[in-house]
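After this come two complexes, each holding subunit A, first together with subunit B and then together with subunit C.
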Partner chain A sequence: MSIEIKQISKRFGQFQALNDINLDIQGGELLALLGPSGCGKTTLLRVIAGLETPDAGQILFHGEDATDTHVRERQVGFVFQHYALFRHMTVFENVAFGLRVRPKKTRPSEEAIKKKVHELLELVQLDWLADRYPAQLSGGQRQRIALARALAVEPRVLLLDEPFGALDTKVRKELRRWLRRLHDEMHITSVFVTHDQEEALEVADRVVVMNKGRIEQSGTPAEVYDAPATPFVYQFLGDVNLFHSRVHEGWAEVGGTRFAAPEAGDKAVIYVRPHEIDLARNASNDALAGIVTHVRLLGATVRLEVKTDAHEALEVELTRERYQAERWAVGDAVWLTPREARVYGA
Partner chain B sequence: MAGAINNTPRSVVTTESRPVRYLLTGLALLFVGLFLVIPLLSVFVEALRQGWKLYLAALVEPDALSAIKLTLLVAVISVPLNLVFGVAAAWAIAKFEFRGKSLLITLIDLPFSVSPVVAGLIYVLLFGAQGWWGPWLSDNDVKVIFAVPGIVLATVFVTFPFVARELIPLMEAQGSDEEQAAMVLGASGWQTFWRVTLPNIKWGLLYGVILANARAMGEFGAVSVVSGHIRGLTNTVPLHVEILYNEYNFVGAFACASILALLALVTLAAKSYVEWRSARLALEDQRNALNDQ
Partner chain C sequence: MQTWLDLIPLAWPFLLKGALYTLGFALAAMVLGLALGFVVALLRIARVPVLAQLATIYVSAMRGTPLLVQIFVIYYGLPSVGVEFEPVTAGVLALTLNVAAYLSESMRGAITGVTIGQWQAGYSLGLSWWQTMRHVVAPQALRLAVPSLSNSLISLIKDTSLVSVITVTELMLATKEVIAQTFQPLPLYLAAAALYWLMSAAFERVQRWVESRLELAHQR
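Let's turn to the complex of A and B:
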């Protein structure tokens, strides 16, 4: 089912949580709302669910106005950040809850409920935990039970608030792949909120980057990563080095290397990712001279911190093989050349 | 080997020397004995001083029986009232944001901070013959002061904070995520309350009710002001004890007092059980949370 969000605004006291948000979510899409904390992403998710009322604007579910539909009638599945499992109910009763609270006319029989719950528990691969209580489960198990519970009511939309936020790195990676596979099987329109760019880029069909209550950019993971629309998106999607430059006849310059800056005025800000910088031992007029001040081994990559005269400390990332071949050490003189860059007007 | 070490877990590093330990423990035990155990025992010793027969006779005597009945009646009315008020107030304070919230919290605490005698006087000023609503009440032949309704009102006032105070921190700690989850799943407000909120607070609620009940049955000051001490009519057990004692009927006084003391002991036992239950549940939660790390 498609969702249209039209000119939604929401204010909490003095704080503008959402500012004129417009967004179309396609049926069957897996969409990520990405942004730093306080950017309004969770508020937007809660507005879609009906847990918050917008001050202005409209929400359409499948073309029908759902702005004033009570959360109870919206038929959404919501997975809370801390799962919000009913602590005094077994896993089975948690998943059955949405079916049991239905009015008598539409409530399935006890047999049907049993069958449905076991189907869902098998779907999340936790059928053997049916008689346990939430307190007896691990974080990853709780997360999957919360998902099964949300799916039990056959929602038209699945909304997940920081679904992997409270899990450790390894479990998180497993679960997000699992969620992606689940979505590919079920094709239910899903929206999840995250502050982790890696998670958004890996799992989602489309990423919506938010900042200060506004949407900065919306696009496929490749689009937002390769062609960030704003400096904010560029900075948020990975580490960056930042250079300031004057613009001469449409060209900005970093240490002798020129970059086209057609849209900038007479000053430009140039962003370069740490892995987009080349290093050399030989002095060159077209390169930035610096001295290696730190070497950090980060598994498959190595990160050097380089102090230059004109700029703040720069970060350069290179593969481990290259690092071992070139044997960089603290105190080495180095000449840097940016390979790629994004130029924005300052 | 390991077992032998575990049998004496006290570490030399973190304890005081032996004499200091004995001195501090001894002092604590002396105080407990002097101020808690001996008075409690003396109540039962005095009550039974002249034998079981007199003890039982003092309890089944008509005035004593009517005092016991009245005390039970007052508890039966005021405890459920407080239960409903307390749950409603705690629900409102813990789950919603509204103007005047801190004022409401202060008001709920008022009965704790006001002397019970003053609480009684308030009702005399409102409902008494010379009070604000006194003339209207006597015109319509409704008796509040020096009658059962006044005693109930005073008791409700005095016991007001117990349930709410117990529930507010508990409900605040639990947050409203589970209620929201229930709502998204299609539960009505009523279903959410019965199936989600109430089971989550049941131990805290029980604890509050036990305390409120103990206070309702034992309240003296506020009830004394509004009751009028009419034997067989408006005397509760604590008031009856006082009257008997003032008449030098020590066996009767202590016999009735022993009922209140027994009530206190039962309350304590119930309270410890509830505390033990909820502490065990909390511990389980904590242990499982640790296992996740």
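Let's turn to the complex of A and C:
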């Protein structure tokens, strides 16, 4: 089912949580709302769910105005950040509950409920935990039960609030791949909120980057990563080195390397990712001279921190093989040349 | 000491009968008080216009005035405006109104102590306010509320002694009557105290049983 979000605004006291948000969500899409804390992503998700009422704007579900529809009539499945499982019910009862409380006319038979719950528990691979209470489960298991509970009522839309936020890195990575596979099987329109760019880029069909209550950019993971529309998106999607430059005849400079700056005024900010910088031991006119001040081993890659005249700490990332071949050490003199860059007007 | 033992056959039937009255008052006021307290708590939680404000005033008035005064107002005061009660009815009414105010506050606290996420989880599954309250929030609130509810209910058992002032021969008044005949205040008041303690202790057992039942579903 498609969702249209039209000119939604929401204030909490003096704080403008959402500022004129417009967004179309396609039926069957898996969409990530990505941004730092306080950017409005969770508020937007809750507005879609009907857990918050917007001050202005409209939400359309499949073309129908749902702005004033109560959450219980919107048929959305909501997975809460802290799971919000019913602690006084077993796992089975938690999942069955949404069906059990339906009025007699629409309530499935006891057998149908049992069958459905076991199907869902198998889907989340936790059928063997049916008789346990939520408090006896691990975080990852609770999260999957919360998902099964949300799916039991056959929602038209699945909304997930920081679904993996409270889990450790390894479980989080497993679960997000699992969520992606699950979505590929079920094709239910899904929106999830995250502050983790890696998670958004890996899982989602489309990423919506938010900042200060506005949408900065919306696009496929490749689009937002390779062609960030604003400096904010660029910075948010990965580590970055910043250079300031004057613009001469449409060109900005880092050291002696020139980058086209067609849209910038007379000053530009140049963003270079740590892995887009080349290192050399030999002096050259175009390169920036610096001294290696720190070496950080990060598994497959290595980060060097380099001090130059203009910058306290530039970050340069290289593969472990190159690092080992070139034997960089703290105190070494180094010449830096950016290979790629994005230039924005300052 | 010999004279104390001699008192037993004489006093026993009176004290037992008084204790049964006390128990009856306590149980009646408990059941009615829990029901009324729940309604009052719901009115305040759901912010029902007018009724919620009245409930707030009611709770404040009941907690802010002595039970003895409330009993006097109901039994000796109201007849002057044409409302008359039998002593037993007046006693149960006063105790119920009084304990319900305290119980409603315990319940309100416990209900608000259940996180908002539980409400929202209920709504998102399609439940109404009442369904969420009944199936999701109230069962969890009950567990939070039991210790504090028990406090009020144990107080209630002891507070029944105050209805002795309106000629109801419960344990306290029965004891006084036996003392009037035997002139043995110390052993008889001690016996009455022991009976109150016994009833409270029995109630504590009930509380522990309820807690363990509720705890089954809340292992951490």
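Note that the second predicted complex is superposed on the first by the 346 of 346 C-alpha atoms of A that agree within 3 Å, B and C clash if a C-alpha of one lies under 4 Å from a C-alpha of the other, contacts with A are read in each partner's own complex, and residues count from 1 in each chain.
Please note the rule applied: a contact is a pair of C-beta atoms (placed from the backbone, for glycine too) under 8 Å apart; a residue touches a chain by one contact, two chains touch by 3 or more.
Since this is a predicted model, take the numbers as computed values, not measurements.
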Label the relationship between subunit B and subunit C on subunit A in the superposed model as either fit or clash.
clash
Look at A:Arg339 in the shared chain and tell me whether it touches subunit B only, subunit C only, both, or neither; answer first, second, both or neither.
neither
Could you tell me if A:Ala84 is touching subunit B, subunit C, both of them or neither one (first, second, both, neither)?
both
Please indicate which partner A:Val76 is in contact with in the superposed arrangement: first for subunit B, second for subunit C, both, or neither.
both
Contacts for A:His62 in the overlay, against subunit B (first) and subunit C (second): which applies, first, second, both or neither?
neither
I'd like to know which partner A:Gly139 touches here: subunit B for first, subunit C for second, both or neither.
first
On the A-aligned overlay, A:Arg296 touches which partner chain: subunit B = first, subunit C = second, or both, or neither?
neither
Flag for me the stretch of subunit B that overlaps subunit C after superposition; candidates: 19-27, 73-81 or 127-135.
73-81
The intersection of the subunit A residues contacting subunit B with those contacting subunit C is 49, 51, 71-73, 76-78, 80, 82, 84-89, 97-98, 101-102, 135-136, 149-150, 152-153
Footprint of subunit C on subunit A - complex, ascending
49, 51, 70-73, 75-78, 80, 82, 84-89, 97-98, 101-102, 133, 135-136, 149-150, 152-153
Mind pulling up the subunit C residues that touch subunit A in the complex?
115, 117-118, 120-121, 123-128, 131, 135-136, 139-140, 143, 217-220
Could you pull out which subunit B residues touch subunit A in their complex?
177-178, 180-188, 191, 195-196, 199-200, 284-285, 288, 291-293
Residue numbers on subunit A that touch subunit B, as the complex places them:
49-51, 71-74, 76-78, 80, 82, 84-89, 97-98, 101-102, 135-139, 149-150, 152-153, 168
